[in-house]
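One chain, chain A, links the two complexes that follow: it is found with chain B in the first and with chain C in the second.
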Partner chain A sequence: MNRWIWPVVIIGIIVLLPLVLTTYGMQLATEIFIMSIFVLSLGFIIGYVGLVSLGHAAFFGIGAYTVALLANVTTNTYVLILAAIILAGILAFLTGWLFVRTSGAYFLMITLAFNQVVYTVFFKWKDVTGGADGMTVRAQLDLGFGPVQSQLALYYIMAFSMLLCYFLLRRYIAAPLGKATLGVKENEDRMKALGYPIRSYKLIAYTVAGAMAGFAGSLYAFFNRFVSPEVASWFFSGEALVMSIIGGVGTLFGPPIGAGLFVILQNYISTFTARWPMVMGAIFIVFVLYSRGGIAHLLKRLWNRLFTKEEKLAEPAKVAEESKTEGGQA
Partner chain B sequence: MSIFLVQILTGLAYGMLLFMIAAGLSIIFGLLNVINLAHGALFLIGGYVTLSLVNNYLNFWLSLLVAIVVMALLSVIIERFLLDKMYGQEFEQVLLTFGLMFFLADVAKWIWGTSPQSIPVPDYLASSFSVGVVSFPVYRVFVVLVGCLVAVVMWYLETKTRIGAVIRAGVDDREMLGALGINFKVAFTGVFAFGAALAGLAGGLGGPILGLYTGMEGDILILSLVVVVIGGLGTWKGSFVGAILVGMADTFGQMWFPSFSMAIIFIIMGLVLLIKPSGLFGKGVGA
Partner chain C sequence: MSLLKVEGLSKSFKGLKVLNSVSLEVQPQERHVIIGPNGAGKTTLFNCISGVLPIDEGRIEIKGKEVVHLPSHSRVHDGLSRTFQKNNLFNNLTVEENVYLAIMACKPYRYKWFKSITRYHDLLEEAEELLKRWDLWNRRNKLVNELSYGEQRLLEILLALASKPEILLLDEPTSGMSPAETALTTQLIQDLPRSVSLLMIEHDMEVVFAIADRITVLHHGQVFLTGKPEEIKGNVEVKEIYFGGGALAGVNR
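Here is the complex of A and B:
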């Protein structure tokens, strides 16, 4: 019984939220769902595989541009989204094959450099992508019942997509495959000694994350109806990293919280100052200094303190241990 | 042919600037195990400080010196008050420098605005001299010389001085160094400040050639990371070779394939990774 409470509460909130949200709020919430998918895929490889990527927006951008470019050929939503997922997945597989040979700082730098290459292609290939001006997306979201026009429908579709991705990653982590992957993260040498092909585990997870980021990008193209090279910029990758760290890595409910807080703060603060990057940098530094594990762990601790007396003692030790293993990553 | 020679000089000068940035990044990593992602922002601020002083009629050399000192002081503050709180947790330290990059770059944007600017150089450096039919800009030759001088100084410090011995020992075995009674935290601060000072120097020297613009911190950071990946982390010699390689590849790439020069650099990096994942001069993978 207990394990059903949270999913029901969350889904209930998502279903009922449109009743209280303004048009602007709906727009924001829809955007948050898309960002959540993107940040989920990044938080997954950081928290469960130990691959800290600073180039994840490359796959988001590839997904978005796949939809934008292929829309000139077909407007079938399913074909476009599937193409975006497959293309991003293939690219993640090919580059990942090279990248997962490295780890820690090297991985961070290489993914960043790769991100810059993808950005440059979108930026410089003016005849096809429109360069810095970007391009409008001709296709409209259409699940087979006519084009989706209403904001409410868009909201529910994106919410469903996010929950679907969350559920898929949950299954991945709970499966033997995911457990072995986590083992690789915790103790690579031991897993290697036990005969596990550690590179393959990393590569599979990286490919899945890339494909999921591509999916988020394709949804963004349908949502925004316009794409520009900024969606594949390293700055965007950095923002996604900030979102996942603020939300909390090592959990799956952290990234959506991080994405939500980030998008809301960004929109709110941008209304009265242009110094958002400064504020974001400061918030991020404070989080890294004083709150290991992000909001997710803060919530967990608060929850335990309020409602479960037995785990009160066990929890801080566990958190300390987790932050220790995270510390050894870079 | 004459264009070819001038391009070689351009590539070398660019490479030397990259060397000064990447070498700082590399030695900081060697000792502290931290990739300083704020390094590009330090470069940019170093350039802007030089620019402001030159614009206020201060001598170019003096401006450069002040910029170097300011960057060293700023980095000491960063190291003492932020990184120091997180020793032993390298991942968190990298994240700190990442947040700092956003912060510092936005501060620079706030103070110096968003329009691209360039640092004027003294007249005697702005001219060019000719050898036969080819005319070389003096300033680029000057930058190449400074780069070589920096390399010589680093070589001397590393191999001939006590400071260098302490740092080499710290790279190999930090605990042992502490057990021998050497305060390696001072060495950490010193190396971090030295790297930042190099970034400031590169910013001041690079300003006249590359210009200064919003978003430059990212471009510089990425290029110097590529240099470090090619050359190997923790060794300034690797940065020297990698920087010249990247400087040349970028300069000639821009000449022959203007749209894909970044791709060429990336292909070089990919090849190095395939053959030697730890970089040309690096020791172990991810070490």
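Here is the complex of A and C:
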């Protein structure tokens, strides 16, 4: 019973939000959904695998450019999105095969280097990608019922995509695959001693995250109708890292919150000053210093403070039993 | 055929020969204990057998199969499992989750996606059985961090047992335990089914003689002597060199 409350509340809010949002708000919310998928995939490998990547935008960019480039061949939305996911996934698998041998700062640097390579390809290969000028996306989002023109439909499609990704990752972390992956993050040596090939778990997670970032990139191409090398820049990777850390890694609901807050603040602050990155930087520092677990952690603490006490009182037997075992312990 | 056979195993660290042509065998059903002073190379030997460290020379066979070139995680699936001298657990997970991970390692569904781990009923049942046998059932929802040291030490052994090994390497299972905890652990180890052969490093002589079928004395990276407990107990050289005469006297009392 209890486990259904949150999903219903969240889906309810997302469904009803268009009633109060302005056109600009709708635009922003749609962008947040796409960004959430991207940040979710990054937050997943940081929080559940321990791979802190500074090159995740490479996969976002590959997804976006796959749609933009393949649109010259076909305009079938499903084919384009699938191609973006598969291509990003394959690239994540191949690079990950090398990268997961490293960890910590080395992993950070090697993913950053890879990101720069991808960026440079998009930036320099002018004949194909249009270089720094970017390129317009010729295909339009079309799920088989004609091109999606209305902002409302676009909003719901992106919202659904985000919820789908969230759901899939939730299944991932609850299943044996995800539990073992978390085990690898917690204690690699023990996992080896227990008989797990730890690199396989890292590689699978990295590939899934790459494919998901590619999916986000492909949605972005449809949403923005224009792609430029910036979508694959390491600066964008860094922003995603900030979003996931502000939101809170180690949970799945943190990254979307971080993405939402980041995009909203960025838009809000930039109406006052062009130096919005300074303000965002200050916010980031505060979070790193005072709330390691990000907003998700703060919300959890708040929730526990407000509601856990009552639950304990409701089950006196359980509390008594707990204090007994603790007493025996002491 | 012996379950585990180590032959001419040598290992050096930066020119220092820690293991020098060590050979030993563990027979099915056997409980084999390795003793020796600090720095004799006991833990290094375990690290080599379990595949944590690559070896310089020699052979390691599990049930007649050469495993030297296999990574440590593959050796587990050949029936070898180990514990660590210093607790090496998933400190931020609950006791139950620790056990799930340990059991799952040898399950065909360890790569399965989508279905929640709590819906694999054989996993839950095996975990319950293990936790109850090792007296940790009512602590199952605690984080490992919240356990006492002795309880963590028990969990360390429990995790190694979860893969249903045929050969279990125990690296000083009772180290740092109180006398009461040591007695309990010794009893639990003695109660293990004989289908699990033991290779164990131990310093506590009471524990050694309570458990051992055979004892190997390791000194300066070499096997000094292998024999039945009575032979080791009666050996004057072993007494003189390794125990200074005192430790064994305590047992004989």
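The rule is simple: the second predicted complex is superposed on the first by the 309 of 330 C-alpha atoms of A that agree within 3 Å, B and C clash if a C-alpha of one lies under 4 Å from a C-alpha of the other, contacts with A are read in each partner's own complex, and residues count from 1 in each chain.
The working rule: a residue touches a chain if its C-beta (ideal position, glycine included) is under 8 Å from a C-beta of that chain, and two chains touch if they have at least 3 such contacts.
Everything numeric in this text was worked out from a predicted model, so none of it was measured.
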Joint occupancy of chain A by chain B and chain C, clash or fit: fit
Where does A:A180 make contact in the superposed view: on chain B (first), on chain C (second), on both, or on neither? second
Chain A residues touched - chain C or chain B, whichever exceeds: B
First (chain B), second (chain C), both or neither: which does A:G281 touch? first
A:S103 in the overlay: touching chain B, chain C, both, or neither? Say first, second, both or neither. first
For A:R190 in the superposed arrangement: first (chain B), second (chain C), both or neither? second
Tell me the contact category for A:V52 with respect to chain B and chain C: first, second, both or neither. first
Rounded to whole Å, the nearest C-alpha atoms of chain B and chain C in the superposition sit apart by 13
Mind sorting out which residues of chain A both chain B and chain C touch, each in its own complex? 329
List the residues on chain A that touch chain B in their complex, please. 52, 98, 101-110, 112-114, 116-117, 120-121, 124-125, 234-235, 238, 241-242, 245, 275-278, 280-282, 284-285, 288-289, 292, 323, 326-330
In the complex formed with chain C, which residues of chain A make contact? 171-172, 174-180, 182-183, 186-187, 189-198, 200, 204, 325, 329
Mind listing the chain C positions that touch chain A in their complex? 50, 52, 71-74, 76-77, 81-82, 84, 88-93, 97, 100-102, 104-107, 109-118, 120, 138-139, 148, 159-160, 162-163
Mind listing the chain B positions that touch chain A in their complex? 29, 33-35, 82, 85-86, 88-96, 98-107, 109-110, 218, 221-222, 225-226, 228-229, 233, 259-260, 262-263, 266, 269-270, 273-274, 277-278, 285-286
